[in-house]
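Labels run A, B, C and D following the written order; every chain starts at residue 1.
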């Protein structure tokens, strides 16, 4: 099994992540799954569309995973992001880490998602009934 | 679906937890899974045995979930602990929460596992090749 | 009066419960119970901590005990 | 020289890339590229931020551009 799983996929199956992060040296696994919410600022979201600059996104995701493995003592790390159209409740991102003790995997997991949101070239368009909005594009 | 899942079970299937915590109002799900590590203080663990005072443990787990739901804006919470003999890599506890924004589910998830370890009447015996040890029993 | 035992408490006593018959001296409070079991079974004195549950809730030392209560010794917990 | 566009940058330009032909004035650095596209497409000036990637790495303003580089406009990211 790889120690580091970095992927951009069409559909995320969150159910497999604990098997992917499991290993004999880990006492804890922390995972964050980002999902599509029905409402944003009070407006009903029909769906989200994710687009990526895949080559660069995979590079940036790999950097984040490496940085986390340098900062904390981790056994395995996963960063998996979905692209395309996503309906309400669908998982769009899964990040996680396993470690001997729980401090490391909790802190690393938070770092993975926070940094991903800042640096990875993935763009989210919110589709409402009457309009579409590229998230965070404007001040 | 229940907003709060509190269970003591013989075998944990971690793969179902994201489905259990998913809902239309949540943008994030944070889950911690505690697993059996092969080594404790350098010694090889053959297996762990978990015992509980079930009636009281369920009450205490329920209190922790309620407290978390008061402290943070959570949509769903799960605390599920396994009992009996557990081999290396087996999941022994799953805690998690879903919320609109990720701060709440991360903080709540950490609170759930930290408080569980302090107050819930569950006891862990480590089985090594030549001895058994009740964890934390002695100073 | 019956006191439930779990984890290392069972190993210390060698049984899954302690019975106080009507003719025994019966503990009237949590603190009395702790004192009595620590005197009879010195192993309790060596634990990191020792708690008592009355009707499946943690009980402070001054909580009185009734023979109809469900009483349990709670050695240091180690779940998770 | 070819510049890849993503997300709102595609909407602003109305295409998935910008072509600079040999006869055009071609940007020689990241800062020149940013200036040129902001002048031609005022929508870029209204974004929260604007980054450029050269060969799939974030590039500072002073990075020179070569026609063989893979160049991309990176509008504010919003993954996760």
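Note that a residue touches a chain if its C-beta (ideal position, glycine included) is under 8 Å from a C-beta of that chain, and two chains touch if they have at least 3 such contacts.
Model, not experiment: these values are computed from the prediction.
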Which number of steps is the smallest that gets you from subunit B over to subunit D via touching chains?
2
Rounded Å distance, subunit C centre to subunit D centre (Cα mean)
73
Whole-Å distance, subunit B centre to subunit C centre, using C-alpha means?
26
Chain-centre distance (mean CA atoms) for subunit A and subunit C, in whole Å, is 48
Among subunit D residues, those touching two or more other chains are none
Give the residues of subunit B touching no fewer than two other chains, as numbers and ranges.
34, 113
All pairs of touching chains, each written as two labels joined by a dash:
A-B, A-D, B-C
The answer for subunit B against subunit C in the complex is residues 34, 50-53, 55-57, 59, 81, 92-93, 113, 116-125, 134-139
Going by the contact rule set out above, which residues of subunit D touch subunit A in the complex?
4, 6-8, 11, 46-48, 53, 56-58, 72, 74-80
Going by the contact rule at the top, pick out the subunit B residues touching subunit A in the complex.
14-16, 18-19, 22-39, 88-89, 91, 98, 100, 102, 105-106, 109-110, 113
